[in-house]
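Should a chain be cited, it is by its letter among A, B and C, assigned in written order, with residues numbered from 1 in that chain.
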Amino acid sequence: MLSGVQRMLAGLVGDFAATVILGVSLIMGYLSFNVLFLIWLERKVSAHIQRRYGPMEVGAHGSLQTVADMVKLLGKQILTPVAADRFVYILAPVLVFLPTLCLASLIPLAGAEAFAEQPYGLLVIIALSGISVLAIFMAGWASNNKYAVLGGMRSVAQVIAYEIPVMLAALSVVLIAQSLNLRDIVAAQARGVPFILLQPVAGLLYFIGITAETNRAPFDIPEAESELVGGFHTEYSGMRFALFFFAEYTNMLVLGALGATLFLGGWLGPWLPGPVWLLLKAYAVIFVMMWMRWTFPRLRFDQLMTFAWKLLIPLALVNLVVTALVLGGGR
Amino acid sequence: MRTSTEAPATDPLDTYVLNMGPQHPSTHGVLRLKLTLQGERVLDVDPVIGYSHRAHEKMAENRTYAQFFPNTSRQDYLSGLIYNVAWAEAVEKLAGIAVPERALVARVILSEFNRIASHLLWVGAFLMDLGAATPFLYSFDDRETILGLLETVTGSRLTYGTARFGGLSKDLDGDFPRRARAVLAKLRARWPEFEGLIEGNVIFRQRTRGVGVMSLAQCHAWGVTGPMLRASGVAYDVRKAEPYGAYPRFSFDIPTRPEGDVFARYMVRIAEMQQSVRIIEQALDALPAGPILTEGSIGVKKRLKPPAGTLYYAVESARGAYGIVIVSEGGTEPWRAKFRTPSYANLAAMQDVMRGTMVADAVAILGSADVVMPEIDR
Amino acid sequence: MKLARQVWAGARSLLIGLGITGRHLVRRAVTLQYPHEKPDVSRWGGPIELVTFPETGTHDCIACNACTRICPSDCFTIEGARAEGAKKMRATKFLLDFSTCSLCGLCIDVCPTDTLKYSERFDEAMYMRPDTVNDLLVPFAGERIQPPS
C-alpha cells in the first residue's frame, strides 16, 4: 500500500520529492501520535505506581486527556521577554527538535528499508545529537534570565558528559558487528544473539546515558523545579514550552529505538511485522525509564557530573578495551 | 530583623540575593527566605516570617477557656490533636480538674496517632523536595487510614475539637481497638517498604548523609527541640523529661542518632513512628472502661474560673517541645496566653545550619527541619 | 575492590527500589473515584443541624441562646417566640453562618435540650457568600409554633 502511494506521488512530483514528502509526513505524523501516547503512558504509569488511576474522564481511560491538554496549551498567551534575543529565542525550541527528527529517519524499521539509509549511520546519529546541545544553551542564553543561563549551562554540561558513555557503548557494539551501518548491526544480531547478552555492561551504560540525555529523573535537575528556579525553559510559555517537551518525548523514542536496534535486535522477532517489534522494544525501554523516574530521588548536580566522569566513562573505556581484546584474541 | 552575628565577609559585587519567596513548590507554608549566595555557596540566610499571623495569643485574651479550643488545632494543623489535648491538660492543671482514667489513655492513643500522621506527611513532603514523588502517595495512603480512624472518633480529620476539660467530648466506641489495630498492622507493613525504597537507596543516602550537620552547641544556642535535637545526639523528649497524662505507664524508647545530619533526622522520625506504634499497642491493651468525661460539663455549661496564677505546661508535639503559658487573674478568660512553638526555634536554627552549605542542599536541609509556618506565626 | 563493592551495593539498592514500585504498579488502586463513588461519611462531623426527635417529629430548640453565647466565632443568629398558652419558647429564626463555623462542637455540648448535632453533609460548595448562612429551620418549614406536648 505504501509503495502504491509512493509510486503515485512519484508520478506527480518525481521520485526524490515523493520519497521526501512521504517520509516526512509519515515520520511527523507518527511522532505526533507518539508524543500524545507517551504523555498518556507517563501519567498512567506514574498513577499506577502511586496506587491511583490517573486520567480517566476524557476518553476511555483518559486516552484523549492529552488532546484536551494540548488544546488548552494552544490557547495560552505566548509571552516573550522584552529583553530577550528574539531571533535566537524563537529559534531555540525548533533547533532542539530538528536533530531528533533527522535521527528518526535514520533508524531502520525493517529489513529492507530505513527512510534514509547511510553507510555510516551510527556516526551520523551521534554527530546529530550534538546539535541539540547548542540549542539548549541558546534557549537559556536568549531568555535573558540569570537562572535560565545557569540552567542552560548545567544542561549542556550534563548532556556532554553523558553522551560519551553512550558513544563508547555504541562503539563496543560496532566492534562486534564490524560495521557502522545500523542494518548490518541488526543483521549481526540476527545471525547470533541480541547484543545485550554479549555486552550487558555497554547496554546498561547506554541506558543510563540516554536517561541523562533526555533529562529524565534521576538526572532531571535542568527541568525539575531545579532546587529553586526553573531551568533553561523558564521563560518559555504556551506552545513554545510544549515544543521543548515534544522534543524531549521524541528524543526518548528515537534514542530508545536506537538502543533497541543496537542491543535488542531492532526489528527482529517472530510473526509480528518488523516495525511493530522495533516500536515494542523501544517502548519497553521507555517504560523502564518512566519506572525509574517515579522511583528515585534526584541526583544533585555535582553528584551527577561525578557519576558520569568518574564512574561511567572509565567503565565504558574499560568495556571497550576488554571487548577489543576479547575479539582480537579470538582471531 | 536579623539576629545573626556573622556578616558575610566578601566582596558585595561577588554575591547576589536569591529570594525563596512566600510561594513555594515545596509544602513548607508561607515562608520567605532571603539567601545571600556566592556562586553555589550560601553565605547568609534571612528568614522572613509573619505571613500567617492570625493573633491567636490575642484571641486567647478575649475568649473563655473553652472557647479557645478551635484555635488550638489551627496553630499546628499537623499536630492538631496534640495541641488540642495540651490546652485541655494545661487548664486542667491550672484549675485542678480531675480526668478519668479512660480519657487519659484515650488521649495518649489519639495523640500518638496524630504524631504518626504528622511524620508520615513529613516523609512524603521531604522526599518530594528531593525529587521522588512516589513515597508521598504511599505515606498519604497510610495517613488516610489514620485520619479515617480519627474521624470515626472525633468527627474531624485535620483540625480537632475533641478535647474538653475533664476528658474528651466523644467516647471511643467498642469497635475502636479492632479498627486501631488494623491501622497499626497496615503501618507495620509499610516500614520495610520505606526502608527499601528510601533509606537503602544510594541516591537518597548521597543527598542526605553529611548534609546540614547541626552540632550540639548550635542546638543549645537556638533552643532546638524535637527530632532535630534527637538527631544530634540528645535524648530529650518532654514525654520522658516532664511526664504528663498517661505516658509514665507505657514503656518506649527515645530514638537518637549521633550524626546530626539530614539522614539522621530522617532515621529519627522513622524510629519515632515505630515507637508511637509501640505506645499505641500498650495503650489499647490498657484501655480501661469508664466515663470519658468528668461530670459537670466544666467550661461548657458551667463557665470555668480557674484560680489566679501562672502556669507553664509542656507537651511533646511532632515537632518538638510545645509550651503553653497561661496567666490567670481568676476570671473566665485568660489574662495572657503564650505559646512556645517548636518550629520557631527550629527555623531560627536553620539560619546557622544553612550558612556555608551549597544551594542545592538548602532545600533538603529546610525540608529536614519539618517546619510548619502557622505555628511559627500563630 | 572497595569501589566495586560500593557500586554493586548502590546498584542493588536501586533495583530493590524498582522492585517495590514495580509491585505497586500491578496492584489495585486505593483511591476513591469521587463523583462516581461517594465516601463513607457516617462518622463525619459536618455542618450543624437541628435534631428531629422521633417522639415529637420536630426539633426542641427553646431559643435560649446558650449556643450563641458559647460560640467562639459568633456564628448564630437566633430568635424565638412563645406560642399562645405554651410554657417554653421556640425558635422562629435559626441562622448559622457556616463560613465562620469551625465545627468545634461546643454548641452541641452546651445545648440544654440536646437539639443540635453534626450532619453528614460534606460537599457544600456555593457561589455566593450569603449562601454560606445556613437556615437550620428549613426542614421544619411547614411547622407553626407549637410546643412539644
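Worth pointing out:
Just so we're on the same page, a contact is a pair of C-beta atoms (placed from the backbone, for glycine too) under 8 Å apart; a residue touches a chain by one contact, two chains touch by 3 or more.
Being a predicted model, the structure only gives us computed values, none of them experimental.
In this assembly, C is the chain whose CA centroid lies farthest from the centroid of chain A. The chain pair with more C-beta contacts between its two chains, of B-C and A-B, is B-C. Of all chains shown, the one whose average CA position lies nearest the global CA mean is B. Chain centres here are Cα means. That of chain A falls 52 Å from that of chain C. Computed from the mean C-alpha positions, the centre of chain B lies at a distance of 26 Å from the centre of chain C.
If you average the CA atoms of chain A and of chain B, the two centres end up 45 Å from each other. Contact with two or more other chains is made by residues 49-52, 294-296 of chain A.
Along chain B, residues 134, 138, 141, 197, 201, 203 each make contact with two or more other chains. Among the residues of chain C, those touching two or more other chains are numbered 14, 17, 20-21, 24, 30.
Contact residues of chain C toward chain A in the complex are 7, 14, 17-18, 20-22, 24-31, 33.
Across the complex, chain A meets chain C through its residues 45, 47-53, 56, 291-292, 294-296, 311. Taken in their complex, chain C has these residues touching chain B: 9-11, 13-14, 16-17, 19-21, 24, 30, 43-45, 66, 70-73, 102-106, 109-110, 112, 118.
Taken in their complex, chain A has these residues touching chain B: 46, 49-52, 217-218, 220, 224-225, 227-228, 294-303. The touching residues of chain B, counted against chain C in their complex, run 63-64, 66-71, 74, 134, 138, 141, 144, 151-156, 159, 161-162, 164, 169, 193, 196-197, 200-203, 297, 300-301.
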